[in-house]
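Some structures to go through are shown next.
The same chain A turns up in both complexes below, where it pairs with chain B and then with chain C.
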Partner chain A sequence: MNKIKVLIVDDEHDFAATLAERLCLRSYDARIVVNACETLSLIDKIKPDVVLLDLNLQGISGIEILMTLKNVSPEVEVILLTGHMDIARSIEGLRLDSFHYIFKPFDIRELTEKIDAVTAKHGRKQGNEHA
Partner chain B sequence: MPEQPITNTLVIGRLIALFVHETNNHLATLGESAGLGDDILCARNLSDKDKLKELEKLLSAMGDRIGHAASLVRTFGELGRCMENPAATIDVSQAIEGILPFLEKLARQKNARISIALDRKLPAAAGNCSELQCLVLALFDNFCAALEPNAMATISAENTSSSVMLNLTADCPAAAVTEKQFWPWSSLETFARANGFKITRQQRGGAVTIELRIPS
Partner chain C sequence: MKIRRKLLIAFSIYMILALIPAVFAYRELSTLRKRLKPVEAASDITSSYLELRKNEKTFLLLKDRDTLQLLKKQIGMLKGGLDDIESEVLREIGAVNYASLREAITAYETGTLKLAENFNTEQLTINKLTDLGRRIEKVLDGSELQTFLVLRRHEKNLMIQRDSSSMDVFRQTSALIKSSPEADLAAYRTSAEKLFSLYQDEKQLENEIRNSASIIQTYTESILQGERQDIDALLKISMNLLLASLVIVIVIGALINARLAATIAAPIREIRKFAERVAGGDFSKTLEVKGSQEFISLADALNLMAVKLKDTVSSLELAIQNLHDKQGQLVEAEKLASLGRIAAGVAHEINNPLAIINEKAGLMQDLLAISSDFEQKKSITAQIEGITGSVNRCRTITHRLLGFARRMDITIEPMNLNEAIRETIAFLKTDILTKAARLDLNLAEDLPEIRSDKIQLEQVFLNLIKNAVDAVAAGGEITITTSRKDEGAVQVFISDNGSGIPKDKLNHIFEPFFTTKGRDKGTGLGLFVSHAIVRKLGSRIQVQSEVGKGTTFTLDIPIKPTLSKEMTA
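Here is the complex of A and B:
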C-alpha cells in the first residue's frame, strides 16, 4: 500500500522533525520544510497528499502560501497548524476552501484522524498503528 | 497594517504576540518530544537497550528546549521590568540583545544570514527604555520584512562621541523596503523623534542601511 505523503511546513525545525518522526512511526511518509521559500518547489517534486502548514510563518504568511498552493496544486489537502485562535485568518482560510485546522500543541491521534479524514475523500486510507 | 501612529501599546502587542508564538512553539515541541518518548517506549521493534539510547537523546534535547524557553521567559521578564519602571536603566546592548532572538527567528524564515557586531562598551540608557526597545523591535520587524531570500545582513552598534549608533544593513532592492515594511516608516520617524531618537534610511546601490541614533 502506498503511504500517505505528508509535508510539514513549519519554521520550528525541532517541532517539525519530531512530528515527522512520529508520523513515520505511524506509517505515513512525512517530510519537513522549515522555510516558506522552499515549500512550493518541493510540492512539485514530492506531490504530497497533505500539507501541514504553520499559519504563523514569519516573513510570508501561511495564508499566502496556502493561496499559492491551491493555485498550483488544487488537489492537495492542507491542514493549517496554528498556535492561537486566530479566527480572522482561519475565516480567510475558509474562503480558500481550506476548512481543516488544528491548534498547536495537539494530540497526535487528533492529527492522524484529521489526516485520514481529509485523504479519505481521495480514496486514500491509512492505518493508525505504529511499530 | 493600515497607516496609523505607532504607539507603545501597538508595539508591545506585537512583542507579546511574538513572545507567545515562540513560547507556544517550545511547548508544542516539548509536547511532541514527550509523545515521541511514549512512542519509543511502546515500540515493538526496539530492544530495551535501543530504547534507552533513544530516550537519552530525547531527554537531552528536551532539556535544551526547556533551557531555550526559560531564557526567553527571562528576556521577556527583563523587557517587562524596564517597561513598567520608567526610572530603570538598561544597557543599550542589552536592549538590543533582548530582541535579537526574535530577529533571528524572523530572518531564518528567509534563509537570511545575519552577522551581529555589538560594541561591548555601549553606555547605559536612562529613561525612554521601553520606547527604545519598542523602536528597536519595530525597526527589526521592518528590516526582516524587507529581507530578500538568502540575503546577507549585518547589525552593528557602536558608541560614537555623542550617541550610540545602531546600523542595520542588508542587500535589499529599494522597492522591497518601502513595499514590505511592517510598520509605516513615517510613523516610525514620528515615534522616534517624540522619544528623542533619530532614525534614517539610506539606499546605496543594492544595499539598504537603517540607522538609529540614541543620544548618550
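Here is the complex of A and C:
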C-alpha cells in the first residue's frame, strides 16, 4: 500500500465527496473534511501527503488553517483550491507564493498532475492513470 | 519722448511765460519805489507852500518879525525841496516853467521882504503921524480943534480902511484947517500922505506876493499831480503786467493742461479699448500707441501680456478639454471598476457550483469508463461530454471576467515596449505556427523606454494578436509595427490581411461578449478587456478595417502615463 494520502478540506460537501470519489478511482487515498475546525486534528491523525484546501471556508479562514498547518506540519504539501482569484492574489500579497493553487472548476488531470508533482520530491510515485 | 520730459518742458515754458510779466511787473514796482521819493518831496513842497500861505496871512495881519522869520524859513525849505527833486521837476514841468517857478519864488521872497520893510516904515509913519496929531491938538482950540478932531477920526479911519476915498475925506477935512502951526500941520499932512502911499505900496506888494504865490501853487500842484500821474501810470503798467501774468498762468496753464491731458488720455483710451477687447477674448489686434515712450513700453508690456494670456487661455482650454476627457475616462473607469466588481462577484459565485457540476459530470464519466457496455452508454457519454464542454466554456468566461476584475489594478514601471511585444509573440508561437501565418515585425529600435504596466500591455497585445491570428486565412500575414508618435507618445500598429470587420459590426467590437466566432470559440471579452486596460493606462486604441482586405489596430501609448489616483483604484 503506497497510496498518496489526500485530504480534501472543503465545506461544500457535494464537491468534496465527488472529488474524493474520483481521486479514489484514480488510486489516491482521498478523504474529506467538511468541518473546518476538525481539520487540524484530522491532519494530525491521518497524516496526509497532500491537503487540498478550499480557501472559502465558513467559520474559520482557509488562510488561517494554511498558516497553522505550515507551522505545525511543514512536511505536508498544500494545494489551494479557489474559485476566487483575489484570494490567490492576497496570498501572493502575503509572500506565500510558494504555495500551489488551482482554480475551480478544474480538469481532474490538472489536479492529479499537480498532486503527483508536489509529492514527487518526497520520493512518492503514483503512476496511476485512468482514462 | 518721455512723458516726464514732456511735463518738464511744458512746466518750464509755463513758468517762463508766467514769470516774464511778473519780472517786468517787479521792475516797474521797484521803479515805482524810487519814484515815491520825488512824490513825497513834491507833496512836501506842496505842504510847505500851504504852510507858507498860512504864515503869509498871519504875517500880513500881525506884521511881526517872528512870523517873518518863519516865512523866510519856509521859503528856504521850499527852495531846498525844489533843489532836491530838480531833475524830476524839470522833467515834469520843463525848463521854462521851472525857471518861472524859481522866479516866482524869488519874487515872492523879495516881495515879502519889501513888505516887511514897508511895515516898518508904516509903523514909523503911524507913530510920527500920531505924535504930530497930538501936538497939533494941544495948540488948537475952538472950531479949529473940532475940525482937527474930526480929522483925527478920519486919520483912524484911513488906517483902518486904507483906501483912496478915506484919503480923499482926510484931505478935504485937512484943508479946512488954517490956523494951526504951519510946520506941524504940513508934516502931519505929509505923514498922512506917506502913510497912504505906503498903504498903496503894500497893496501892490501884497498883490505881487499873491500872484507869485498863485504861480508857485500852480507849479507845485502840477508837479505833485505829474508825479501822481507817473506813479499812477507805473501802477497801471504793473497791474497790467500782473494781470497778463495771471492771464498767462490761467490760459497757458489751461492750454498746456489740455494738451498734456490729450497726450496722456489718448493712449489711455487706446489701452482701455485694448483691455476691453482682451477681456472679451479678442486677441486678434495688438495694441499700438503713439506718443510717449512710457506708453509705448506699456503697450509692449501689455501686448506681451496679451500673448501670454492667449497662451494661457488656450492651454487652459486645452486643460479643460483634457479634464473633460479625463472625466469621461474616469466615469468610464469607475463604470468598468464596478462592472469588474460585479463580474468578479458573479464569477466567484458561479465557480463553486460550476466546480460541483464539473466534478459530478467527471465522476459520471469515470464511472461510465469503468462500467461495461449498455444500451445508451454511448449516448450518455456524449451528453456528459456536452456538460463538461459547457462547464469549460463557463470556466473560460469566469476566468476572463476575474482576470478583468483583477486588471483594475495597475503597476507602473519602466518597460521596453518592443520586448513586451516579443514576449507576447513567443507566448503565441504555437497559435501562429498552427495557422501557418507569416509574422512581420517592424519594431523601431530607437524607441524610448516607457513607463506603463507591462503585464497589462502584454495582455492587450495578446488579445489583439490572437484576434489577428483568428482573422487571417492560412498563410495570412500579420504585421506588428512600433514607432515614435511624438514627444510624449509611442505607437503600436497590429495589422492583418484577414477577413476585416464589416461597418455595422465595427461599432460593437469593444462591447463585452460581442463575438462573431461562435459560442465555443470566443468569449467576446478580448477587445472589451483590452479597451479597458488601454483607457486605464491613458492610452488610446483605434481600429481601421476593410472587409476582405484586413484590419489594423493602432495603440497610442504615452511615454509617461498621466494617471489619476482614482483611475488606479
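By definition in this document, the second predicted complex is superposed on the first by the 117 of 131 C-alpha atoms of A that agree within 3 Å, B and C clash if a C-alpha of one lies under 4 Å from a C-alpha of the other, contacts with A are read in each partner's own complex, and residues count from 1 in each chain.
Assume a contact is a pair of C-beta atoms (placed from the backbone, for glycine too) under 8 Å apart; a residue touches a chain by one contact, two chains touch by 3 or more.
Everything numeric here is computed off the predicted structure, so don't read it as measured data.
*Asks:* Which term applies to chain B and chain C once both are placed on chain A by superposition, clash or fit?
*Replies:* Partners clash after overlay.
*Asks:* What is the contact status of A:F15 with respect to chain B (first) and chain C (second): first, second, both, or neither?
*Replies:* both
*Asks:* Looking at A:N35, would you say it contacts chain B, chain C, both, or neither? Reply first, second, both or neither.
*Replies:* Only chain B; A:N35 stays clear of chain C.
*Asks:* Looking at A:E113, would you say it contacts chain B, chain C, both, or neither? Reply first, second, both or neither.
*Replies:* A:E113: touches no partner chain.
*Asks:* On the A-aligned overlay, A:L25 touches which partner chain: chain B = first, chain C = second, or both, or neither?
*Replies:* After superposing on A, A:L25 lies in contact with both chain B and chain C.
*Asks:* Which holds for A:E64: it touches chain B only (first), chain C only (second), both, or neither?
*Replies:* The answer is neither, since A:E64 touches no partner chain.
*Asks:* Based on the superposition described at the top, state which of 25-33, 61-69, 115-123 or 187-195 belonging to chain B clashes with chain C.
*Replies:* Only 25-33 shows clashing C-alpha atoms.
*Asks:* Can you pull the chain A residues that chain B and chain C both touch?
*Replies:* Comparing the two interfaces on chain A, one with chain B and one with chain C, the shared residues are 12, 14-15, 18-19, 21-22, 25, 56, 83-84, 104-106, 108, 130-131.
*Asks:* Write out the stretch or stretches of chain A touching chain B in their complex.
*Replies:* Interface residues on chain A, with respect to chain B: 11-12, 14-15, 18-19, 21-22, 25, 34-37, 56-60, 83-84, 104-106, 108, 130-131.
*Asks:* So in the complex, the part of chain C that touches chain A is made up of which residues?
*Replies:* These residues of chain C touch chain A: 344, 347-348, 351-352, 354-360, 362-363, 366-367, 369-370, 391, 394-395, 399, 402-403, 405-406.
*Asks:* Which positions of chain A touch chain C when the two form their complex?
*Replies:* 12, 14-15, 18-19, 21-22, 25, 56, 83-86, 89, 103-106, 108, 130-131
*Asks:* For chain B, which residues are in contact with chain A within the complex?
*Replies:* Chain B residues touching chain A: 20-21, 24-25, 27-29, 31-33, 35-36, 39, 42-45, 61, 65, 105-106, 108-111, 144-145, 147, 149.
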